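Listed after this line are the structures, all set down as structure tokens.
Each of the two complexes below includes chain A, the first together with chain B, the second together with chain C.
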Partner chain A sequence: MARLELDQVCKGFDRPILDRLSLTVEEGEFFVIVGPSGIGKTTLLRCIAGLEVLDAGRIIFGNKDVTRVPPYRRNAAMTFESYALYPHMTVFENIASPLRARKVDRATIEKSVMDVARLLRIEQLLDRRPHEVSGGQKQRTALGRTLVAKPDVFLLDEPISHLDAKIRHELRRQFHTLQELRRVATVYVTHDYAEALSLGDRIGVMGDGGLVQVGSARDVFERPSTVFVARHLGQPTINEIPCRLSNAGGQLTAQSAAGGFSFAVGGPQRALLENTQGDVLIGIRPQHLRVVNGSSTGQVAEALVEAFEALGATGVLIAETGGVALTVLTSPEDDFEPGQPVRLALDVDQFLYFDPAHGRNLQG
Partner chain B sequence: MAQVTLTDVNKIYPARDRVVHAVKDLNMTVEDGEFVAVLGPSGCGKTSTLRMIVGLESITSGTISFDGKPVNDLTPERRNVAMAFETYALYPNFTVAENLGFPLEVRGLAKAERDREVMRIAKLLRIESILEQKPAQLSGGQQQRVSLGRALIREPTVFILDEVMSHLDAHLKLQMLFELKRIHRSVGKTTIYVTHDQVEALALADRVAVMSNSLLQQYGTRNDLYHRPANRFVADFIGEPPTNFFAAEIIEEAGSLALKVNGSGLAFRPDEARIAALRHQDSRQVTIGIRPQNLSLMPLMGAASVTARLILNEYLGEQSIVTLEAGGTSFRALASPDIRLSTGAPVSLYYRTGDVMVFDPKSEAFIG
Partner chain C sequence: MTHTNYRLVKTLLLLFLGIWLVFTLFPLYFMIVTSLKPVEEINRMIPTFWPQTMKVNNYAGIFADPGSLKSLVDSVIVSVTNTALSLFLGTLAGYALARWIRGVIGENLAFWILSNRMFPPVAVIIPMFFLFDSMPWGTDSYFSLIVLYLVFNLPLATWLMMVFFRDAPRELEEAAYLDGYTPFRAFFKVTLPLVFPGMISVAMLCWIFAWNEYLFANLLTGTTVKTFPVHIPTFTLGSQTLWNLVMAFSLVAMLPPVILFIILRRYMVRGLSLGVVKG
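Showing the complex of A and B:
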């Protein structure tokens, strides 16, 4: 059992992927890395596992520097996106394989495999081979093989992204409750922001070169450090509207570049932005716009429906106001026709303000 | 344009030691100009169905007609069905314009006419600016659009889309959903969309055909599938997070009926309309289903409620999923992300009695 420490880690191929990345994952912590595909998430995991040699920097397990330790001596267990099960072995033999490699005695193997299989609810599959079980069961077998190894560090690479929704929900719940995972340092990689928010004790959002923001689920979703983070987390994507701030008679107003959309800056941001004149990039999450009938106490915008889609548990409305197309989250039971006028309530206190040049969140 | 009718269609694949009955007695009609999705898990028979409509697969028995004329014996070309695939299947050494124009060139259309058509389709799909690029230079979403354009340019009678969005990421997928709907609105062609993704199917289609185990389970609108699922399979397959199911017993309570969940203190009340149907049940045992979005942590006007203990609160940004437990039964509800509850807290869940679905535990058919 150990904490995991990355110190100024550098790794590149034809371009730099990890640029002086430092991170500490505490013992018992479930750390999730989320980011777009191709950004280097898997490379980072492979560096921790020892499957890639660092260009510079150090990796420390507990108080042992493992930077130059080969992968098989690092005591890190990794599951791969593709499961990588041995096709000729049964589920039992697959799960037992790390223990057999360590020459653990037969009775202990038997007991460890059974414990893990019961935990993952695959006891009845132990005699089958990988091609005879479903995708979700293969994934649980791969996970079982990782758990049984009792490593210092768990490395999980997109372990549930290819499974159907129902199994994903069930496995997510298992990740929350597995005590085995809560005793070591776990690094979990995904491209799915909902999975990241659900599972991570802390979440690292990865962009070019490394982690753009590290924090709790509420930190990264509600207080994104940059517009990149805001854009990557959330579905539908956050609305980004270039605006100009002006202060007239003590009233701080934001107006869209084309001029047709404007609103009074909300209370929480007013003090902070008081002295910010000029251009800002405003981020409005689709759930902070609401279709209202009749009068509303707060600020509203009159808009025209462009399109509407009823998705699973939500509806997505695109409505145009003053030359700005806004994505609005609604109920799937709603129905809107193109051209129909709607009134949008603006939850201005929740709006985000970014520096248009660098995308930095102006609220810190 | 065409109406597509499948009458008693069967597909049987002979295999070495057994026969595989991939599609059983399928009857359905796609109206002229309608957008229909064929939805089901892998192996349900949806791809065999599609291949029979296109003409890539023979029909073991039954009839497929376009506008009332059987097409069983027509080759795919003579059926004039255009298809776009999951893999875009673009020619890598052709530009986008050449890829789009290729089906017309094969037909021997003059260059001027071809160029005009390519421009028309490119405008429709909003890809005018990339006409001179090669596929390798394009993003996944752009390649998918070119592939759709190449299918559309042939002016097909029926337009078929096979899992065209399954490997686009979530952001792109949402964009493409809007695009596809807009394109369908403007060309108005009979479209059959095959997918395993219920969100895509429900968002796009006028009607959805849900298949499982080689059989058509239900053919209906989004509203039908959500509120009147034909059976437990449909109720389970449609909706995310997945529907909660409970084994329950019908009990009489103060002159009214209640559905008491086996082994727990939970009891749900069905709405008036269902009580009559339930009174006629022979067995007292039923399966009840209620969707997570229909269990609210906020009091609702005229709603009934149950109480359970919170075991997991998953914050997902726009919403939270809470997992609850009562007497050994666990289930989920959707909640506002602002709700902050800790594990073990007692929670009241409000529901409208009309949202309680009841199924026969043996046949799994919808009772009411």
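Showing the complex of A and C:
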């Protein structure tokens, strides 16, 4: 049991992947790294596991510097995206593998494997080979192999991303309840923001070169540090509207670059942006726009329906106002025809303001 | 394709296969028949396709002849030792090339190793003779043949094993490292079992080459060591060739490869990598 500390970790192949990345994952913490494909999430896990040699920086488990320790002496357990089960061994032998490597006696192996198999509900599959079990069962076998090892650090690489929705939810619930995972530092990598928000004690959003923002689910979702973070978390994706701020007679107004869409800046942002002039990038989450009938107290925008998708639990409306296409979250019972005029209530207090050049959140 | 067309194609295909079978199996058939004939019947102008007098004692003659038996034993010694060495060295070299020596150096090294098989053996036969003649163990020894056959078998074994190791997923080895296996133990626990069917194929190929090789064996050895391909010509006497004994002996020498192939066939075609990646 230990905390995991990364200190100024650098790693690159033909281009830099991790650039001076520092991170501390406390003992018992479930840390989720989320980010788009190919950004280096797996590389980071492989560095922690010792499968990649760092270009610079240090990795510390507990108070032991393991930067130069080979993977087989690190006591980190990792599940691979491809599961990496040994095809010539049974499920039992696969799970028992870390114990056999440590030359644990037979009776203990038997007992530990049975315990883990029971926990993951695969005890009836122990005699089968990996190609004879389903994807979800393979995933559980791979997870079993890491649990049985009692490692210092758990590394989980997209463990449930490739499974059916139903099994994914079941396993997600299991991750919440597995006490074994709660005793050590866990780093969990995924590209699915919902998985990240659901599981993570803290979430790290990974962009080019390293972690763009680290924080709780609420932090990263409600106060994204950059437009990249905002764009990556949330479904449907956040609306991004390049606007110009102008201060006319004490009234701070944002107007879209094309000119057709404008609103008065309000709420807590107002004071902050009072002295900002010029271009900003405005981020509006689809749930902060509402379709209203008749009059509304707040600010409204007149728009025309472009498309509507009823998605079971929610409805997604695409409406166009003044040359700007806005995605709006509605209820699935709604029914809109293309071309139909709608009034959108703007939840101005919730809007996000970004620096158009660097994508930095102007409020944070 | 219409139904009639399909039947026509099928019939033609079967016909072709039939002709091909006759073409390939007839020599074998004639070997068997000849091995059962007495010499007088073989030497007739009009050959018989079924022996008029069966003579099983051709085989008895082979097994009674100490020279024939010793040549088979010599062949076993040379081919088995050579195969074991080729497989052992080829597996290690193939693994090194597949996993550790990468980039331009690895590619060129691998190609150079394979290119050793590209020259025609006749081109080096005389230098080889003088080379082995100058060695302390001389030309006419087990050792010289075993080492010489490595020249041909080792590149093949190395190259094939390299390809098998490249196909074996690296992630499995990495998973083994994380389980706590050292690279050495991971190699034996995880990687080697994965390429085991490949090793069987390589062993078969190496062994058949060493078993059947005639050219170099005839040149280098013949007195102390005499493998069976070198022994066969001794059935040619001054006045005639004892074809019945040649055929009987050849058939006996053919049996081990055929039996081994039948036993090991199932390993040679099995791909163990099934089910490694998610389905």
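The working rule: the second predicted complex is superposed on the first by the 363 of 364 C-alpha atoms of A that agree within 3 Å, B and C clash if a C-alpha of one lies under 4 Å from a C-alpha of the other, contacts with A are read in each partner's own complex, and residues count from 1 in each chain.
Everything that follows uses one rule, which is that contacts are C-beta pairs under 8 Å (C-beta built on N, C-alpha and C of every residue); 3 or more make two chains touch, one makes a residue touch a chain.
Please read all numbers here as calculations on a predicted model, not as lab measurements.
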| item | value |
| --- | --- |
| Superposed partners chain B and chain C on chain A - clash or fit | fit |
| First, second, both or neither for A:L272, with chain B first and chain C second | neither |
| First (chain B), second (chain C), both or neither touched by A:K166 | first |
| Touching partner for A:L329 - first (chain B), second (chain C), both, neither | first |
| Touched partner set for A:Q235, first chain B, second chain C, both or neither | first |
| Three-chain overlay, closest Cα atoms of chain B and chain C, distance in Å | 9 |
| Doubly contacted residues of chain A, that is, touched by chain B and again by chain C | none |
| Chain C contact footprint on chain A (complex, rising order) | 49-51, 70-78, 80, 82-88, 97-98, 101-102, 129-132, 134-135, 138, 145, 149, 162 |
| In the complex, chain B residues that touch chain A | 41, 169-171, 174, 177-178, 181-182, 196, 198-199, 202-203, 222, 236, 239-242, 292-293, 312, 314-319, 321, 323, 332, 334 |
| Chain A - residues contacting chain B, complex | 36-37, 164-166, 169, 172-173, 176-177, 191-194, 197-198, 217-218, 221, 233-237, 285-287, 307, 309-314, 316, 318, 329 |
| Residues on chain C engaged by chain A in the complex (per definition of touch) | 169, 171-172, 174-183, 185-186, 189-190, 193-194, 272-279 |
